[in-house]
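Heads up, the thing below is written out as structure tokens.
Should a chain be cited, it is by its letter among A, B, C, D, E and F, assigned in written order, with residues numbered from 1 in that chain.
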Amino acid sequence: MMPSDLSPSVIGEVVARALAEDIEPGDVTTLATVDAGTPCHAHIIAKADGVVAGLPVAEATFHAVDPETEFGYAAHDGSRVRAEVMVARLDGDAHAILAAERTALNFVQRMSGIATLTARYVAAVAGTGARICDTRKTAPGLRALDKYAVRMGGGRNHRAGLFDGLLIKDNHSRAAGGLAEAMRRARDRSHHLLKMEVEAQSLDEVQQARDAGADVIMLDNMDVEQVSEAVSIVRGRCELEVSGGITLETVRSLAECGVDYISVGALTHSAPALDFSLELVDG
Amino acid sequence: MMPSDLSPSVIGEVVARALAEDIEPGDVTTLATVDAGTPCHAHIIAKADGVVAGLPVAEATFHAVDPETEFGYAAHDGSRVRAEVMVARLDGDAHAILAAERTALNFVQRMSGIATLTARYVAAVAGTGARICDTRKTAPGLRALDKYAVRMGGGRNHRAGLFDGLLIKDNHSRAAGGLAEAMRRARDRSHHLLKMEVEAQSLDEVQQARDAGADVIMLDNMDVEQVSEAVSIVRGRCELEVSGGITLETVRSLAECGVDYISVGALTHSAPALDFSLELVDG
Amino acid sequence: MMPSDLSPSVIGEVVARALAEDIEPGDVTTLATVDAGTPCHAHIIAKADGVVAGLPVAEATFHAVDPETEFGYAAHDGSRVRAEVMVARLDGDAHAILAAERTALNFVQRMSGIATLTARYVAAVAGTGARICDTRKTAPGLRALDKYAVRMGGGRNHRAGLFDGLLIKDNHSRAAGGLAEAMRRARDRSHHLLKMEVEAQSLDEVQQARDAGADVIMLDNMDVEQVSEAVSIVRGRCELEVSGGITLETVRSLAECGVDYISVGALTHSAPALDFSLELVDG
Amino acid sequence: MMPSDLSPSVIGEVVARALAEDIEPGDVTTLATVDAGTPCHAHIIAKADGVVAGLPVAEATFHAVDPETEFGYAAHDGSRVRAEVMVARLDGDAHAILAAERTALNFVQRMSGIATLTARYVAAVAGTGARICDTRKTAPGLRALDKYAVRMGGGRNHRAGLFDGLLIKDNHSRAAGGLAEAMRRARDRSHHLLKMEVEAQSLDEVQQARDAGADVIMLDNMDVEQVSEAVSIVRGRCELEVSGGITLETVRSLAECGVDYISVGALTHSAPALDFSLELVDG
Amino acid sequence: MMPSDLSPSVIGEVVARALAEDIEPGDVTTLATVDAGTPCHAHIIAKADGVVAGLPVAEATFHAVDPETEFGYAAHDGSRVRAEVMVARLDGDAHAILAAERTALNFVQRMSGIATLTARYVAAVAGTGARICDTRKTAPGLRALDKYAVRMGGGRNHRAGLFDGLLIKDNHSRAAGGLAEAMRRARDRSHHLLKMEVEAQSLDEVQQARDAGADVIMLDNMDVEQVSEAVSIVRGRCELEVSGGITLETVRSLAECGVDYISVGALTHSAPALDFSLELVDG
Amino acid sequence: MMPSDLSPSVIGEVVARALAEDIEPGDVTTLATVDAGTPCHAHIIAKADGVVAGLPVAEATFHAVDPETEFGYAAHDGSRVRAEVMVARLDGDAHAILAAERTALNFVQRMSGIATLTARYVAAVAGTGARICDTRKTAPGLRALDKYAVRMGGGRNHRAGLFDGLLIKDNHSRAAGGLAEAMRRARDRSHHLLKMEVEAQSLDEVQQARDAGADVIMLDNMDVEQVSEAVSIVRGRCELEVSGGITLETVRSLAECGVDYISVGALTHSAPALDFSLELVDG
């Protein structure tokens, strides 16, 4: 497998699950129409321009069905591709390749869609100091893959889950009886390798969070004017993240305010798929 | 749980997996900032207009974290909602509700996005005899939920996987040594409760498939003119399905040609999420 | 592994489970009496005449315990064997071979028993157009293996489960409020690649099902006379399947009535095992 | 659930697995033809005389699909039933009952078949001191259920697997370099709560095993004359078990020789199913 | 269940696994000697002085075997107990209580042993500002329980695993080509909610880490003199953690140097069990 | 892998679980600081004198993360090591080795701790006929590994769980209505390859158990005088096991009384870890 920082066991699990839902009781069409042992040569072709991601997952999918299938990379995750470009070639038993085809492409289409949209956001803020981040708004069960695709598009990951970062949102403050109390408790009860990020919904809250020693402040759904003012309030005493309702149209002006991070849910919950197809070729 | 035709065991599995990736080693923020036993009242609110889907999955998510949480339906899957409308209310322990929040919303946002896009396609062909179908281009591991969301949007499901329908595609014909041979084998080797659908990429192939006794012919990436001609060729001797590259702009003219099914991959691979939020309220 | 159309992941699961129940906490006898590393040569021998099935599952069983064990095929699934004929030879570590012995033989004995009984039914209808099918009356957890064994005996599979075929039985009609309503709903609500089979318990119901457009009619527990009459009623407008209470004595006369399928529960729920033994030999 | 000594977790696993293979991607017929929420009353009826076993497993199957289904026992595992006798009644949602029907019956049919055959063997040796035992020749994955069914038929269980009994067979002796060495090692290396059973294939070996201190000797495939002589040789110094090739015709004469145990593989590998059906009734 | 911050799904998994290894194929003694349905009243009694932990896990163990068993708390996790004090009472079926006894006690003995040893370390540093922390040196598979037991003993948790804290050890620096480069990469490549802890093995490295902006410095295996000097070097510019070779004899003098955290592997890898027993009592 | 009598599937499961809890969502430090593909050479070094155990489990841990990592044995399980001795060498990708390091060492530290303590007990009774045994007081989920470590230390295993040995304890007798009744039932209801051990808490009970035909009597918490008297009472008519409250100080005098087995819970519940470290070396 092409080296990637995706854990093989994570890939193994999502691939097994995806294959199970598509072919577990058998691929009746291929079993019926194609003789076992029929050799097969095929190409995976991009059908649109974009950034490719997910090829190692596609490889793992073909290998899960038949470890003998040869999978040759013609492109690497994170590289730009144009429509009609081949990104991988396959050699193996037709049974195995046809049975795995759709599942493998579903991974590549989704992940490349995310990488492609991420790359557009990253390009939009080029030259500013702001970095485009993902969120936890990922497809259920595909968190690790979605976040990897963001990296392939040039984006930066936010925390992986609720377990590796303290982010005190409005709801936590309310349940704790106020922001100050929530921050005090967080400092007291969490382990000493976690920073503390605090969501602010007004400039007042920005000031309050700054004074209480937040390491990062998340500016929730603020416009350019408010964000600029927040930057002035904080003056580098902590980092700033912008989140909520950001589009390709608005992202640059927010970045130019001088924030550190811009997190965009759409990267993973609304990226349209990038189309790919698998085509049999003469050996 | 609200009755739905989603299998509880399928829901249970996807919910467990989604929670695991987000909170398995613990929700450090909630554990630190909110005292165990703090009561919590909350609403789930739509933030845009659309068709809601996935509420029983959200309910299952909250119950997986704490079976004591009360989940009250204020809307039902398949109903239209407008921005700022409440779709569910929650009562329970703040720990459990805050830990499950994001995972539950991720389900509802994705599924409602699919239902909403499906409903637009269904509306676009209203009055024609054509039915909008999904494809197998679903998010890996979420097949059953994606297809349920299509139903909630008024769409019709195609086969669930490779195991419950014979669909002879171009690649099968090539691997079998031709369409006729592929169809002969399929009839011979598959069980007697399956129809046979055949993909045709030209009008010639439509004729060939019709003559060989296909039950359904899939017209792959054909334009309105070709589709019309295919309808004439077939004259009701088998059913017709259109697939490939269909958009909201083109779908009606294809439907008006007189086809039976229009299958649209975008329903499940490119539907933008419908936004929802969870807001704490005073008890 | 010998190529077969059994999915390796299905084999893997049943083998793991079967080994677990027999040897999970350890094979105390072999561990105590045989030194690790003792080489072992063994033959698997048929102890009765019949059709062998399950050798790839036996191979997988030995390999699950020790991938180094060599498994040589001396017969192939689906071939006839006579008592005292060797069907496979084994070379490897005595620990691994003795620990896996019983589990491997249990698979081969059961599957060969099914294949052998199937072959007798198939022979009994030779020359008629009727095909012998299995049912869903399989040993729980062994569906895929039982159905594979039926194929090895020359039989034909019916649907794999409740998910890949519409078969409206008496109980569905009752719950739906009548056969006609059940068929109407089935046509409306199921995907377009499924045929519809309808169970008929009287000649009246045969007529009703034929008129309502059933693709296949299952004649439930009818005698030769009734079956003959059903053939006349239907006159090829749909296919006919006979089911219920069929024995080796009655099967040919039913087949000669001109039906298409005869499904026999006994193939999988009452086939006596075919005996095999594993015998150590000098290397 | 009716109290039984079957572990709920074992039942839970086999039921989940069996349901998965039959209905995991959905019961398309019931979903299509029966409206959700349709009430259903049904009886499970024996279609032949025998000993019933497996009702708690059937109950668990219906409950796995829908915990709300009411399952009323009209007979208990281990009791004799006659054809047309009702053994259980069901009330619940038609969807759930029809989806679980076949899987539940498959358990009861197999387990009652085993119990019924066991009861015939037990009756055949009535009045002698011999006890009818099962073997490890069970359906892979169903060991615990098969052995429970033997108990329900009045039989006695042999060891559960390779982990809870020392039984030195011919193959162990060969691999160890002789029976004496195998027994010496077994005494040395196994824990002190296990007896030692030794397989003897000749009267010489019976003598040898007795002298070396076997706790039990298994007489492998011996005829009545040999068994009688073995009884004389041993004179109560250890227990005797007869195994191999035993039929309902030969079992009594073997029992009358004075052996302690007669183990019969056919109980679990060749018992024909006992037929049951599920019939909807008016509420 | 008594509220605790242990996730029910984590408890469920470890309990299921522990029961499986002890009783999966059945508790032969209890099944044989005790009639099903025999009522049972029992107490769990501490047999030594210490801090109790694990009662909710014991409760879950009894409930996993039989949800009907009543488990009454007579002490709470984190409280001190003396020998012969009852910590819980049980009412239920004797079968279930006796089968679960050992597994439940194994949890309580181990967890209370950890809590008790932790409490001794915490007491030893009372009045200093130093906090006693655990490490990742836990029993494989029991991480969450071991760390919970540390909390019950008054200790503080360090990071949960490799996923929720950046801790650059000597091996990382070597593999990265030096400490400075390792820190630069860590800042660049990890998400913005993680602090950075750096292991220092000399006072030079303390200075280097401080200057490069470490948030926390871990003083590895340093004596009191070195630790004191490290405190002077850092002067509050970052936090200090002491680790390696700490005993109850040395811990206070290290704490008095003014460090923030003292992490002690022995808490979880070498705590002797605290003895408990389960005793049947008259109802 | 070095041959051992630990089942590869058991090792596979505990290793997977242990890695999951430590690194499942990713080793953030190594991923950030070390480039993929950095070669790494390392030694595992004992940091104290003792008996090593668990090296094959460590090997499996490194291989689970990366099958390409080379693991060279410099010592074998069961051999004595001195502080600063290398027990294994590693070559491979730094990512994989650093990610697996802690988990692998946790296995070796725990298992070597158990082996080392066992060896001390075994040495203490050298020359007497008594054998040191373990108990079921193992770390939950680690039963097989703990018992293997005992073997590596020269100890002998008691039964593996509740399924492979009849041991009638005080609680069973009480629940059965007396020792005699419990023994009668056990003989009647359990399979014929199990001996019967009976716990005695007084010399009266020793006599009673002996007369009722116990195969082994466990003397519970008796002192040297009582144990001596028990030996006289039994006079070799059954075996004797001493259990409860045994220490390195008392074990020899108990052994010298002439008992057969001495079972010591501390071997597995209170053995302090033996320290090991992993050190990178120049290639």
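One rule holds for everything that comes next: contacts are C-beta pairs under 8 Å (C-beta built on N, C-alpha and C of every residue); 3 or more make two chains touch, one makes a residue touch a chain.
Every value quoted in this text rests on a predicted model; they were computed, and no experiment measured them.
Undergrad: Higher C-beta contact count, A-F or D-F?
TA: If we tally the C-beta pairs in contact for A-F and D-F, the bigger total goes to D-F.
Undergrad: Looking at CA centres, what chain is most distant from subunit F?
TA: For subunit F, the chain whose C-alpha mean is farthest off is B.
Undergrad: Subunit B and subunit A are one sequence twice: same or different residues at the contact, by the over-half rule?
TA: The interface of subunit A with subunit B is built from mostly shared positions.
Undergrad: Just grab the chain with the largest centre-to-centre distance to subunit C, centres being mean Cα coordinates.
TA: Most remote chain from subunit C, centroid-wise, comes out as E.
Undergrad: Which whole number of Å gives the spacing of the CA centres of subunit A and subunit C?
TA: 45
Undergrad: Go ahead and note the Å separation of the Cα centroids belonging to subunit C and subunit E.
TA: Chain centroid spacing, subunit C to subunit E, equals 52 Å.
Undergrad: Spell out, as numbers or ranges, the residues of subunit B touching 2 or more other chains.
TA: If we look for residues of subunit B contacting two or more partner chains, we find 21, 23-26, 28, 31, 144, 160-161, 163-167, 194.
Undergrad: Contact residues on subunit D for subunit C in the complex?
TA: For this pair, the touching residues of subunit D are 14-15, 17-18, 21-35, 38, 40, 42, 94, 98-99, 101-103, 105-107, 109-110, 113, 136-144, 161-176, 182-183, 185-186, 188-191, 194, 265-266, 269-270, 272-273, 278-280.
Undergrad: Contact residues on subunit F for subunit A in the complex?
TA: 16, 19-20, 23-26, 28, 31, 36-37
Undergrad: In the complex, go through subunit A and note every residue touching subunit F.
TA: Checking each residue of subunit A against subunit F gives 3, 5, 7, 9-10, 144, 160-161, 163-164.
Undergrad: Quick one: in the complex, what on subunit C touches subunit B?
TA: Per the stated touch rule, the residues are 133, 156-160, 163-167, 191-197, 215-216, 239, 241, 260-261.
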